[in-house]
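Two complexes follow with chain A in common, the first pairing it with chain B and the second with chain C.
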Partner chain A sequence: MTAPEDLESRGTAVMGFAAGWYALALGNGLEPGTSAGTQLFDKELVVWRDASGASHVWEDRCPHRGMRLSFGFVRGNHIACLYHGWQYDEAGQCRHIPAHPTLEVPETIKVPTYASVEAAGMIWVRWDGEAAGQPPEDIAAVPVRSLYLDRAPETVAQLLAAGRAGSFETLSPGTFATALEGADLFLALQPYGAERTALHIARTGGDLPLKDIAVWAEELRASLEALPAAGLAPAARQPGAAA
Partner chain B sequence: MLRSNMQGSTLNPPVTMVFTGHFRPESFAEFVRHRAARLSLAMRLGTVNDNRVEVAVEGAADLVDMFEMACSLGPIDCLVLDIHRNAERQ
Partner chain C sequence: MSLVLHDYELDSDSYKVRLLLSALGLPYAKVAVNVHPGHEQRSPAYLRLNPLGSLPILVDGETTLRDSGAILCYLARLHDKEGQWLPADPVRFGEVMMWLFFAGADLAPATLARLHHMLEVPADAEAVGAASRRAFRIMDDHMTKRELEGFAWFVGDQATLADIALFPAIALSRDFGIDHDEYPALRRWMRRVRTIPGFITMPGIPDYH
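Up next is the complex of A and B:
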């Protein structure tokens, strides 16, 4: 993996979260041959799945003209930029430039990539390099849905940890568990930006229909956006790994 | 001698590019260095001032063309009005 230089510490320092593994998407939300853009600590990332089924998390920026790679097309195990069709292999190395088809592309034309894994039904990215520790445990889970909240990540984490939005067990400052009508739910928080948070939800036990969990999730989102933040505990540190 | 970071491309004669316009010299020089490194071109800066930047680059012809195109935009605080290029005298 190419070590991105200065981006992780910027976000983690600002938002009070530490190095760790963060969920970016539900695994079943990304079909082979597709890409999606997301953000972590305001840093734009592309999450894409190649034709063989492997997922990748990269900086969402073509080294050529800066176009978002999430707007591009997956071709086999390469992703091609929408703008001029530059193609990158699974390691982020540029392999083909359509305007110069015979050119041996230099190794310096490469997209910064991040370590990522799939666990607990989610795609996780390692943030802050080696300081992030071990990847999350791959517990059996059925992905349900992702919520996007207009609320600061620290506030959302504090509201969940304090039980303001229901009864949640804090597995780590970035992951939570709860029970709903006999089902066990696992929630992973994604610090999307300074004032925006994603919550990825998976069912880890029971057989409550996913539709019912999705309805509950919508209510949870409304609560987390509306609840007052007064009197909450200090910021969480260290997101840690999944349960 | 150019500072070489070539990666196996066929070497062509060095090309000197002369950019004229309005520059913040340190900003444009850093921009040029970054683009040359990205394209694995050997490069050497010559005259760098508020109105003129000379740079010699060496590498695959296609990559040298890409370098010229990239530098024609320049950083936000510089304005490139014209570019001349010549093969460098041996």
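Up next is the complex of A and C:
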């Protein structure tokens, strides 16, 4: 069995991204009492928000039978697995097993959790432990949409940095800024998997209607999926993806 | 008149009709058709009801209808006096019909992909999977923009036949290997569909408890 740390290091090395904080979702897109599955470097994660409004990022796997927890449901401040209803508290500790309701659940039944923060209207996970550095700055931002692309993360980052899909300022290896009709936009790149990328988009200035930005984002996605990758600079490898 | 639905529990098109019947609170008789493994829907008796050999089939007295989209429209026109599900307003009507045809045509690969995975119906798995993802992306883009303008449903400001007809393919997509990760607006919309009074599930769509 490979330790989680080894898996993460391998993932970041393969895709040319450093340890850092990566956006996984828009904060306002995850309602209290709901969960969403996602991936980072091909590793399945569940992002969920408890009834009190706090968000959590965990490994998306119930220790019981390996079912994705994101298929399950949130009850109060617990998340429950769809298969057999095992419930986990905010720290990932299993607290209730319906088939054995009187059982004092052993401390060893625990879901691996990740450090996460909400900043710039997005939910960020710390990747590769302490090497990730400081969490991203909580700049004022209005979340717009998340964009999912069938394209390798390093290719998307290079196309944006090279100005091939418009004029983007590279703030860090995983974050970008651009201007659109008087609005300032902030984009955070999520290396979803080897051939898949998410871009989380927020408006940081101006008052261009959010729907117009969403339409622009569809066109950006079409460009980024169609553009040839030939002639691009090597992948960025600086540490820290934070804004 | 008494309604008779010729139905198969695992058929997502039959589920659309069951869902609307439940939302409208209409009593009906359900005839379970042995689709798998019996292929009863293609027996001579069933081909007389529907020469296409598909389900669902609705029989209402002298009237026999096939095609879930047509059946949804018929039931809404006949029993939804307030016109919520199939609006009379020409623009709303047109928009609902646009999504009903989308559900019948552009989501057909998703229906086939699921049958291929579950019941080994022949299909080009890669092609139907890619076509399904294209359709789901179009749906997610639409609901993303709808949400940004303050709307909760595919058309207008309340649930319509569009929501009923579009729901099963994406709600069942994990049956054929497509997760909901890439469709955040559809994930939120699916939770809303679950709040429609009379909402029911089918095998593959979990009943949260």
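The definition used in the following text is that the second predicted complex is superposed on the first by the 233 of 243 C-alpha atoms of A that agree within 3 Å, B and C clash if a C-alpha of one lies under 4 Å from a C-alpha of the other, contacts with A are read in each partner's own complex, and residues count from 1 in each chain.
Operating definition for what follows: a contact is a pair of C-beta atoms (placed from the backbone, for glycine too) under 8 Å apart; a residue touches a chain by one contact, two chains touch by 3 or more.
No experiment lies behind these values; they were computed from the predicted model shown.
In the superposed model, A:106 makes contact with chain B only, not with chain C. Look at A:170: by the touch rule set out above, it reaches neither chain B nor chain C. Of the two partner chains placed by the overlay, only chain C lies in contact with A:145; chain B stays clear of it. In the superposed model, A:204 lies in contact with neither chain B nor chain C.
With both structures placed on the common chain, the touch criterion links A:63 to chain B but leaves chain C unconnected. Annotation for chain A, partner touching more residues between chain B and chain C: C.
In the superposed model, A:77 lies in contact with neither chain B nor chain C. Contact with neither chain B nor chain C is seen for A:223 once the two complexes are overlaid on the shared chain.
Every residue of chain A that touches chain B in the complex is listed here, in rising order: 63, 100, 103-104, 106-109.
Chain A contributes residues 25-26, 29, 31, 34, 36-39, 70-71, 73, 82, 85, 144-146, 148, 198, 209-211, 214-215, 218 to its touches with chain C in the complex. Against chain A, in their complex, chain B makes its touches with residues 5, 7-9, 37-40, 60, 62-63, 66. Listed in rising order, the residues of chain C touching chain A in the complex are 137, 141, 144-145, 148-149, 174, 179-182, 184-185, 187-188, 191, 206, 208-209.
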